[in-house]
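If you scroll down you'll find the structure; I have some questions about it.
First chain written, first letter: the chains are A, B, C and D, and each begins at residue 1.
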Amino acid sequence: MTAAPGYSDRVRELFMRPPHAGSLPPGPGRVIAVEAVAPERGAWLEVTARVEGDTVVEARFRAWGCPHFIAACELAVARLEGRPPGEAVQFEPAALARELGVPAEKFGRLLVVEDALRALAAAPPESK
Amino acid sequence: MTAAPGYSDRVRELFMRPPHAGSLPPGPGRVIAVEAVAPERGAWLEVTARVEGDTVVEARFRAWGCPHFIAACELAVARLEGRPPGEAVQFEPAALARELGVPAEKFGRLLVVEDALRALAAAPPESK
Amino acid sequence: MSGPVYLDYAASWPVHPRVAETMADCLGPEGPHANPSSSHAEGRRAAQVIEQARESVAALIGAAPKSIVFTSGATESDNLAILGAARAGRDRGRHLVTSRIEHRAVVDAFRQLEHEGFEVTWLRPGPDGRVAPQQVEDAIRPETLLVSVMHGNNETGTVNDVAAIGTACRVRGVLFHVDAAQGAGKVPVDVEAWNADLVAFTAHKLGGPKGIGALYVRAQPRPALQPLQFGGGQERGLRAGTLATHQVAGFGVACELARADLPEEERRVRGLRERLWAHLQTVGGTWRNGSAEASLPGILNVGFAGIEGESLFLALDGKVLASSGSACNSASAQPSHVLRALGLSDLACQASLRLSLGRWSTEADVQRAADAVAEAVARLRSLAPAAALERIR
Amino acid sequence: MSGPVYLDYAASWPVHPRVAETMADCLGPEGPHANPSSSHAEGRRAAQVIEQARESVAALIGAAPKSIVFTSGATESDNLAILGAARAGRDRGRHLVTSRIEHRAVVDAFRQLEHEGFEVTWLRPGPDGRVAPQQVEDAIRPETLLVSVMHGNNETGTVNDVAAIGTACRVRGVLFHVDAAQGAGKVPVDVEAWNADLVAFTAHKLGGPKGIGALYVRAQPRPALQPLQFGGGQERGLRAGTLATHQVAGFGVACELARADLPEEERRVRGLRERLWAHLQTVGGTWRNGSAEASLPGILNVGFAGIEGESLFLALDGKVLASSGSACNSASAQPSHVLRALGLSDLACQASLRLSLGRWSTEADVQRAADAVAEAVARLRSLAPAAALERIR
């Protein structure tokens, strides 16, 4: 009755080689940086997104946390691209949990992802 | 810490092939028959001895009991031969126990051997 | 062919060669050596070996894998069931029911509970060695917590009607534990049909290794058990301690083999046993202890009038390896408490021999053993005073 | 050479090939298959194998063979010592002393005793992870029954001065139990020098099989123990259950090999461990948990600033098999109670990794493992927000 932590191949791949890891330097367009921090819950996320017009053209993240959390960050941030930043609020932690097979006790960490995306959506329309 | 019952080779041999097993039929000389019975102590011994003059010329036994008891009977009865029946009372249970390595908890059985030999020594000088 | 005949299967079976192979693989250089509680890849590999074995072990007794708790053997399983259920339930009731023919692992666990303030009703079997379901029904009171009655007896092979006893317990809401150490793998066992809450068994009585056993713990409703040992949370918290992967794997294979061979082996071994009995009867002055009808296939307990047990034992040494009672009791010279409970005198207990057959017993074994026993009995009888032969039976 | 590096010896050792051989012989067709409690020739043969192994096991810790009780492992040994001594002595006193860094087999046994009405003093170690003998002296009261302090810690490898603690107990007439599961076979152990009354250890942490352990029980004066399981009277009545001949034999050989190799292996493994530490320090932001001086040879517990443990674990998966705490605790995500007791924050506990070496660890293993850890740590750090790197340590 050993509960070995199970990671799907998908989670392993997203965790080991997340294409959207990193930060965006200032550059063309507007770069929004947000963070959501809950180290005691095992989650820390920083997202930078470059917005041109009404569209996120590029997004990157830095994260500290468990493999499921990092995989969830990658997936959520990848999906920001090509959409208006406001769509981020439609992010559904429960759906992401199902998609990645995140165990129930880690659900609080997905709320940290949600927090970051909400902050992004709520960023003032014209920063600077 | 398994207490395997230990039997010396000597005990095994005396138990498996006791030369003096049996009973003596009536015949020349005087045949004395004695018994000592203690089934609840695990011992039952019948000795018959043919006495000519003042000497036991032949002795046999029948016994019911454990291997140590049977070996002790054989040894004690063998030693009767060639001696006056009165010498049987000099039989020493403790010495026999040492000689055969009889465990302490079986000592009571050797007293049954002693009882039989004493009865033999005490047999009336001229039966019939 | 010239070695002694092993007729002590009830004490322990030789390990099946396929079990030994599986265990050797586990212990070999490529085996799952890691701690099955470790979360890394090698730990998970070991855990998988264990979970696969759990399925095989569960299947043997018609249980779900999650209801199997691995232990170090039936002694521990019995103790975990009995001490565990009683201590966990002591606030609900302090009355317990068992029988006088249980294995010492059960008897001594109940004696311990008597020291801890429980009251135990000790049922006496009928002369055939069986505990009647009605006796259990009559013994149950409102404050009864647990009933423990064994399936097949280890000395006589007599089998109790545990299904009927289980029904009596279930109806009254009393926990029911069954010691099935002797029967599991030899006759069909179905924990559901038995209405059992707890069932103990062990690998080494069915071709597996010594030192590994199992306790079936019903999942629904799950009986409360206080563990015997505490620690790393293994086995759903019921039995702490690093699981021995090779042992569990060997147990699993042994259960698979036993299940596959069961119908055929049951018939075969029962046939051998009856032939052995037929041969021994020709010796004269023999009797059979326990029930001939309701019995495990491999156990024959025979009494020989006029015979002292230790002498019979030594006379057979090197020819027939048997037991004058439960192997676990052999060290002490006490007459078997099981045979005493059937009404035998101390001397009749002494005069009894357990001959037990199993997977590798053959027709030739039976013939050789019967000849050796007949010869030894005849010699000892010829050695004994005639009056003793009358008296001892 | 391309498989993962096994650095989880503290969780379990691979079985030594000579141990596996001995066990295979036991389980093979000519092996001592009978129940060692059986009185016939085959039973006695099995019993002899056991008694020979008992001598080897006893010799490893400087004990007399008759003071060794075989169990199913250190978990059972710890429980038998602690629950056994406390329950047997409850009329003499209800105060017990232990530390906050014990293995869960000890911790949970004491928690159970708290439920049973005992009062437990939980000593907190110094920042180096050691319990000072003075702390034990100060904690002992007239009604103190038992002190239990471990020898080498399973997470940090830190070794306590058990000889001094033993003296403090002996002088005050208090029983002293030592959990030596990690140290036995790795460093010299002498139960006499320790003044120990009870010492627990296990085969699978020194090259023997899982599922067999021992409890040393001082013979003179012999501490009273209530058994955990009752039954056939094996092991002087302290531990009922059929002894597993092959397991005991394997344990015996493992102890002989460990004793023969000890001085050389202790030096070699300690050297490898220090090289591993030297390599890892080049990663930067590392710290070492526990005492570097008073330590078992094979255990290194390292913290990595800015690292989340589960991610480090997965990043290493398939490259380095290590542990983020006691293997027995891995299933739960709780921070290690041992590291917490040393004063580490939850996050620093998480950021720590136990790397443990043993008999088959090589120079190449150390190099490969250090490289893999360095790479994984670097990647995770590059992935983390800069502020988190500051915060987590």
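The criterion applied here is as follows: contacts are C-beta pairs under 8 Å (C-beta built on N, C-alpha and C of every residue); 3 or more make two chains touch, one makes a residue touch a chain.
Everything quoted here is computed from the prediction, not taken from an experiment.
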Quick one: how many steps at least from chain C to chain D, stepping chain to touching chain? 1
The chain whose C-alpha centroid lies farthest from that of chain A is chain B
Where chain B and chain C are represented by their mean Cα positions, the distance between them in whole Å: 42
Any idea how many Å lie between the Cα centroids of chain A and chain B? 97
Could you tell me the distance, in whole angstrom, between the mean C-alpha positions of chain B and chain D? 59
If a residue has to touch 2 or more other chains to count, which residues of chain B qualify? 2, 4-5
Can you list the residues of chain D that touch 2 or more other chains? 37, 39, 43, 234, 331
Residue positions on chain B within touch of chain C in the complex are 2-5, 7, 12, 15-16, 18, 21, 35, 37, 39-40, 42, 44-46, 62-67, 70, 105
Note: in the complex, chain D contacts chain C through residues 4, 6, 8, 11-15, 17, 19-20, 23-24, 27-29, 31, 33-35, 37-43, 72-73, 75-76, 78-80, 83, 103-105, 108-109, 111-112, 202, 204, 209-212, 228-234, 240-247, 313, 316-318, 321-324, 326-332
Spell out the part of chain D that touches chain A in their complex, as residue ranges. 306, 308, 310-311, 314-315, 331, 333, 346-347, 350, 382-389, 391-392
